[in-house]
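Chain IDs A, B, C and D follow the sequence of writing; residue 1 opens each chain.
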Amino acid sequence: MVKQTQTTPPMVECFKVGKVYPPDVVALRDVSLSVRQGELVFITGSSGAGKSTLIRLIGRQEKPDTGMVLVNGREGARLNQAQQQRLRRDIGVVYQDFRLLPRLSVSRNIAMAMEVDYRPWRETSRRISELLEKMELTGKERRPVETLSRGEQQRVAIARAAANAPSLLLADEPTGNLDEQTGLLILNLFRELAAAGTTVITATHDSKLYRDHGHRVLHLQQGILQTDGEQR
Amino acid sequence: MKGKPRLTTFLVAILQQTGRNLARSWPTQSMSLLTVALSVLIFAFFLLIHLNMLAAGAKLGDELRLTIYLDEDINPAMQPRIREQIHQFGDIAEVRFISREQAMARFARRLGDEQDILRDLAPDFLPPSIEVVPRPGLLGLNQLSQLADFLSTLPHVSRVQYGQEWLQHFNSFNRLLRIVVLVSAALLTLNMIFTVSRTIQLTLAARREELEILRLLGADRAFVGTPFLAEGLLQGGLGSMLGLGSLYLIFQWTTNQLAGAGILGLFTPVFLPTWLLGLIIGASALLCLFSSLAAINKSLQV
Amino acid sequence: MKGKPRLTTFLVAILQQTGRNLARSWPTQSMSLLTVALSVLIFAFFLLIHLNMLAAGAKLGDELRLTIYLDEDINPAMQPRIREQIHQFGDIAEVRFISREQAMARFARRLGDEQDILRDLAPDFLPPSIEVVPRPGLLGLNQLSQLADFLSTLPHVSRVQYGQEWLQHFNSFNRLLRIVVLVSAALLTLNMIFTVSRTIQLTLAARREELEILRLLGADRAFVGTPFLAEGLLQGGLGSMLGLGSLYLIFQWTTNQLAGAGILGLFTPVFLPTWLLGLIIGASALLCLFSSLAAINKSLQV
Amino acid sequence: MVKQTQTTPPMVECFKVGKVYPPDVVALRDVSLSVRQGELVFITGSSGAGKSTLIRLIGRQEKPDTGMVLVNGREGARLNQAQQQRLRRDIGVVYQDFRLLPRLSVSRNIAMAMEVDYRPWRETSRRISELLEKMELTGKERRPVETLSRGEQQRVAIARAAANAPSLLLADEPTGNLDEQTGLLILNLFRELAAAGTTVITATHDSKLYRDHGHRVLHLQQGILQTDGEQR
């Protein structure tokens, strides 16, 4: 694991971020946090606490109603379209509902993320087989995603998010459909990525993931950040 | 992205994407192509009929003339002066002097099979006349009656006749034709817009998910747009060419069917001129292109 | 289900479902309705033109006749016998005897404004004749020439004339018309099929998910089917009524535009007969209904 | 909890059931089991073990390639369409991917299941508010499902499956998106239903659900039924 020193620059910073959905659902209220480069952080909280909303705000799929979200020191509103798109290719996201293309094959789904970034063809295919092996999906490359079990689909979504070795990986409930053992595969992948410099932020209710490993945990409750620190 | 991609990587990626899109969605695409072809075919078919009707109408209009009946034959020496006086009115295409004999001969021709009935007539029972053919532009009843008034002031004129009744018939037939053509043009344009927009909606529905995911993955305009551009151009361009090609075959078949029959003597059917064909192909390619672009733009909002 | 539901519960559920479907998807539905209306409008518009053209053509065909020129006027006492002989050939609509005076009067009418030229003629310079009008069915050139041969065997006949040339023109014009009408009918039918199938595809795409879930929940045929039936009937029925209504307005406007103009003297435009209107409405309602039913059946496979 | 006596009739019976997906994915092999009426059973196994496939076979969404599946003593192939539909209304299913209509409101989604069964309007609305209260979703009745958090959606799916108080409830990973506490709500609901006579079969990798409560657990491994019994 990477040693977090005070000199590592912050990758994600939130200042008093708030989000209200019409008509009056307060999803987040005055959330402030800072995550350094290469850190591996967990966001917890009960169902409806605002975990996914926070992930969406950091990933720029939505805009905060109040406050400011900085990624790599830059605010979304200040970027033009091309810059936003480039930034997005440098953020990997595991969506809670996967967002895979069900009729395309496993490797096509993962390759899309790399093609969009104009990676050379050889790098793409090497990376795909490497990731599928780690996700224990070898042999299923050519299967349409819709014929996979739900847990297999979830691992494809994780592989896609990690494909570009992004600077920032956002994972929303990445082990919701996985058993304990397979969940550990994911945790290991995340640790490897963090060690290589990727900032990993994971929203989860799966305490087995963060307990016993000394990771930083942010606890949300009804949209308010309650605790921020190591949990054992 | 860890830096600017090399040009070859870029081109390969775009080409792969285009090829894959076409390979995957060819059933939808060829349905769209057929729909565009059919719309263009129907539209151009009625345009073709319209243009040929207009041409036939113009030819009928050419036969419009004023006849000035005279008391006596005009001395050939006088003819140039009168011709000049008439031309002074302007917009005259032709002035013809018809003697008694010419009038009789033509009347006989006109009676056709019935000309036996003229056997016993004196060859000079018809009066001589001058025929004035205005230029096709001068069709209005008002201008014609002005011209007629003017002609009746010429010397030796007994009576000026121009087919008022025939002209009225011709005019109102033209009006009916124009209404029919306008209404069908409006309906077929509406139909084409509906058809093409439905086609594009279907294509979009098939692609919405993919476009959304490309957006989430941060695909740039070139990556998303180029395959769509290719598709739009292909559907609009190929589709309209297919439609116009089918129309040409139909046209050929029809004229072959009619070749030798009397109807072709009345007017010669012509196909759409090349510039119009180019315009139709270009317009439908652009229409399909812009609809695709609108779709992409919507999906590329960050 | 814990037993058979009561009828009221059943009816309320079905009605609610129908109402909710209509309320929720009215934008799609009204677009479909408009599309159906437009298709029917275009189709019926060309059908209307076709029917009126046929009517006008038939009227022209009515004027077809054979003229038998005679050496001398026929004694009125002889006329019934000759009439009978002609009728024996069969398929004869009318036999008219024209005396020298009648021929002259008609010739004068026909010359119209030019009848002054007849001033000096003897009233008996035209020969007497018999006119034979065959029934409209007997239009073929072959049959006509047989009839002519037969007529020339009658006593006092000098010559039989029937407008061979005119007939040829008329026949080939009719052929052109038939081709145009057939081609446009084929194209417009294709267009209607395309349009309606696209519309239904769109509606289905919008409903696929819901139908799939209803299937999973074990909805029975009545629950899924009735709202669809209502929709299909509504779209097909209302849509075609709307289309035919618009056509009627266009028709009224056009005939008003032309009222008083000479063209209406040539033929009287008629609207589509009621049975045809009913047929069109019924056919499009059924078309929409069956397409909906096909969709339901597919989704109800257990 | 209901006392399971030998006299309670079996609700679900599988005899040597096998399922092979083309071209050669063996999802289930010779699975035999019997679940009595009112029983609460858990199916476990790692991702891709065949849990969802077994649930789909019992729920008659798919047909077995070999063997026989009986529900309430009747085999699917022997029923006509109307009987199949009636049977289906008597089976509640929580799909792993929810299968809700995202644009419809929470109560509409649940009401659909009851309307299809021609329940009187009053019963429907009473049952909906009762279930939403149990699922801690009160106040969200009118929200379109797509605006709910993933865990909230999952609870709507559970409420829909339980709405008709079916004879058989099949739940596929019903707590994948729920935290521990909310998961306990679901377990309580399932116990209540079982006590009232509903047979509940739950596929899950969430050991917190069945551990410590003495429920019967079926463990699948690569399509083969490994253990069948109580797990503590």
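We take it that contacts are C-beta pairs under 8 Å (C-beta built on N, C-alpha and C of every residue); 3 or more make two chains touch, one makes a residue touch a chain.
Computed from a prediction, not measured in an experiment: that's the story for all the values here.
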item: Touching subunit A and also subunit C, the following chains; value: B, D
item: Most distant chain from subunit C, judged by the mean position of its C-alpha atoms; value: A
item: Centroid spacing, where centroids are CA-atom means, of subunit C and subunit D in whole angstrom; value: 62
item: Chain centre separation in whole Å, for subunit D relative to subunit A (CA means); value: 30
item: Chain centre separation (subunit B, subunit D; CA means) in Å; value: 68
item: Rounded Å distance between subunit B and subunit C, as computed from the means of their C-alpha atoms; value: 26
item: Per-residue multi-chain contacts in subunit D, two or more chains; value: none
item: Topology of the chain contact graph, where touching chains are joined (line, ring, star, complete, other); value: ring
item: Chain pairs that touch, as defined at the top of this document; value: A-B, A-D, B-C, C-D
item: Subunit A-touching residues of subunit D, taken from the complex the two chains share; value: 21, 25, 44-48, 52, 96-97, 147, 149-152, 154-155, 172-173, 176-182, 205, 207
item: Residues of subunit A touching subunit B in the complex; value: 60-61, 81-82, 84-91, 93, 95, 99-101, 112-113, 115-121, 164
item: Residues of subunit C that touch subunit D when the two form their complex; value: 1, 5, 9-10, 12-13, 16-17, 209-210, 212-214, 216-221, 223, 300, 302
item: Subunit C contact footprint on subunit B (complex, rising order); value: 34-35, 38-39, 41-42, 45-46, 49, 112-114, 116-117, 120-121, 125-127, 159, 161, 165, 168-169, 171-173, 175-176, 179-180, 183-184, 187-188, 190-191, 194-195, 198-199, 201-202, 205, 250, 254, 257-258, 261-264, 266
